[in-house]
């Protein structure tokens, strides 16, 4: 079992991380704060995908459907009903995203393996097609919905600006992070790993594996919905693209680059993605998809465990070194 | 009556292109267990190369077809030999890898050929219409139907009748034993992947008549191929044919009757099949 | 009430009948061994009883309840536990994780989503207890794939027992084990309480004759003989089938 010293040492990086995230806006320009918002949103998106793919082992190719749905709900509430109150729009957005996941899960989980892949892909593209063609889902005269303002929190005396929005996103990110962390360590969460590793045995010892996969799928979709909700405010507009494969690809890349099936992997993957993307936009914006594709391919071939795992191993070695050094002093 | 025949021919010709796309994917999927998501991107590469040869440089359509197919085949070969074969027995990683190539290839095409789409093109001698009954119908589309049937027959023959097909099926079943029998499985896989990609590229040139040539083809063609496979069933030429023709015909009549919702016909068909026969109309029951 | 009753159970694969109209029943507490040459249908029979396969024909009654169309996980809740021919454990997970995951399977709070598994003290203690009994507590943090074959088998059977089953299905428990490890398995079966029914498949005749109350002989999917070990030993047909497979 863990010693008190080890348990404390485990919390340290998180505390440092939160402190850094809290202080950062004070030192950075709005541009960089915007990047940080993007990072947190994408990290959440990637973490949600990690549940269904990393932990449960289900390769879904349509995860953006839930992300985009969250965003579209916010956009539509504003466009057609003039609702900007965060406390109404956001929960509604997440609920609708979870509902879509519940619906899609019923269809997709009828099959497994490559069929599951095909089905999730096609369902996502179906939503993309809907968003493209149905007039009610678009601002007048364009593809997608624009003009989404930052959310109204109805806190007297507080006008939301980019920096305050960053803190809102950070708070929601931390809450989601904690919830997801508890989830993966809970009996149901551990059960998902059991399913990934040997579904047949899981059934033999009493687990209703379909139900577990379904729950994982819906929860995964719900958290993607949270990310989508936060994204629409940040991005000012949503487009059909945010429902389709181009966006579904992103959490896959992040989760794999960072370390699939590890908890922090997606966060690290998101960090890498957002900052390489930013770099590419300065140096060579038209080549970004090529860089992304190349980075992805290289990670799969050479660093299958993900950059995140490599860094974690490094951190563990450093920690052991310091813990060991201390005990040598005592002796 | 005329309306019916015209739309039927439209549907079948489009369906043939869909069939060719799906069958290329199916060969590799059924025989090697690899879901090649880059298939649409390879189609696109073939289309661009074919366009360059047949339109930009003014050579014959046939040459464009062959070179486009060949070049596409090479691309596929590079992906398989260079990268995919290291991921044997890791289906998830293989799928992801091929997907990464959609981005790479799409962006490369954008880099080389630029962002504006090319007009549909076809062979010179097909660029007119045939007098049928009381109307004229584009020869190009009839040509597509013919090529589709020929290629389809060839593929079926390859799958069921040749030694290559049998080798690959055996290798899928038990790699060690097959190799122990002295059969060069690696080479068979490479040849098969080349053939699949060649078909993709050639279809790109043939299908350019209907789908045009642009950098979004990587994704859009992939989507079409996957829907046809979902509907028709995985791993068989027959399934690809049935799925392709069915979707093609539904699409043609859909466009004629409710133009704005033509796309949905495909999705609705897909969902209906998924609900009642999740593994496709001609797919194996799991 | 009988622990298990199967009636005219059949399973066909294409044209082949792997299991062909098999009928028998098992009393509570009975130790029934199923033997037969390779390919006789023994594992298929287990797959039908435990639910991995659905039968083409026939019915299965477990403690009087018709379970023929129940999925495997429901049968586990009713009291079936199984050790597989090819050892079934989560190879990449630790010994302790394997124990916890197995024990949670039949507990209601396996659906809990917010508290870490270690918080469920009752299961945790049961896992500790089980591992100590199996002499595997020392290796609790080892991934199962690092264990010796005999240890893995011990763990698998031990965990099946920890599920407190009513029916224990053992598929070739002694396969790959040394003489000593084999006798551990024999001792384990002998020490089982009399309300646990044991159905086992094996090729080790010595073990079977020591442990079984009754033997059923299967050949090409059909029951050739059904009786006490002594009866089976004297049965001419059985001798013919086993010519050359004596141990």
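For the reader, a short list of remarks on this structure follows.
Should a chain be cited, it is by its letter among A, B and C, assigned in written order, with residues numbered from 1 in that chain.
The rule is simple: a contact is a pair of C-beta atoms (placed from the backbone, for glycine too) under 8 Å apart; a residue touches a chain by one contact, two chains touch by 3 or more.
Only a predicted model underlies this, so the values are computations on that prediction, with no experimental measurement involved.
Counting steps between touching chains, the shortest path from chain B to chain C takes 2.
Averaging Cα atoms per chain gives one point for each, and the point farthest from that of chain C is the centre of B. Per-chain CA centroids place chain B at a distance of 49 Å from chain C.
With centres taken as mean Cα positions, chain B sits 33 Å from chain A. Centroids built from CA atoms put chain C at 42 Å from chain A. Chain C makes touch with chain A in their complex at residues 50-52, 71-73, 76-77, 81-82, 84, 88-93, 97, 100-102, 104-106, 109-117, 120, 163.
By the touch rule above, chain A contacts chain C in their complex via residues 179, 182-183, 185-191, 193-194, 197-198, 200-209, 215, 219. Per the touch definition, chain A reaches chain B in the complex via residues 59, 61, 107, 110-115, 117-119, 121-122, 125-126, 129-130, 133, 245-246, 249, 252, 256, 286-287, 289-290, 292-294, 296-297, 300-301, 304.
Residues 29, 35, 83, 86-87, 91-93, 95-97, 99-104, 106-108, 110-111, 219, 223, 226-227, 229-230, 234, 260-261, 263-264, 267, 270-271, 274-275, 278-279, 286 of chain B touch chain A in their complex.
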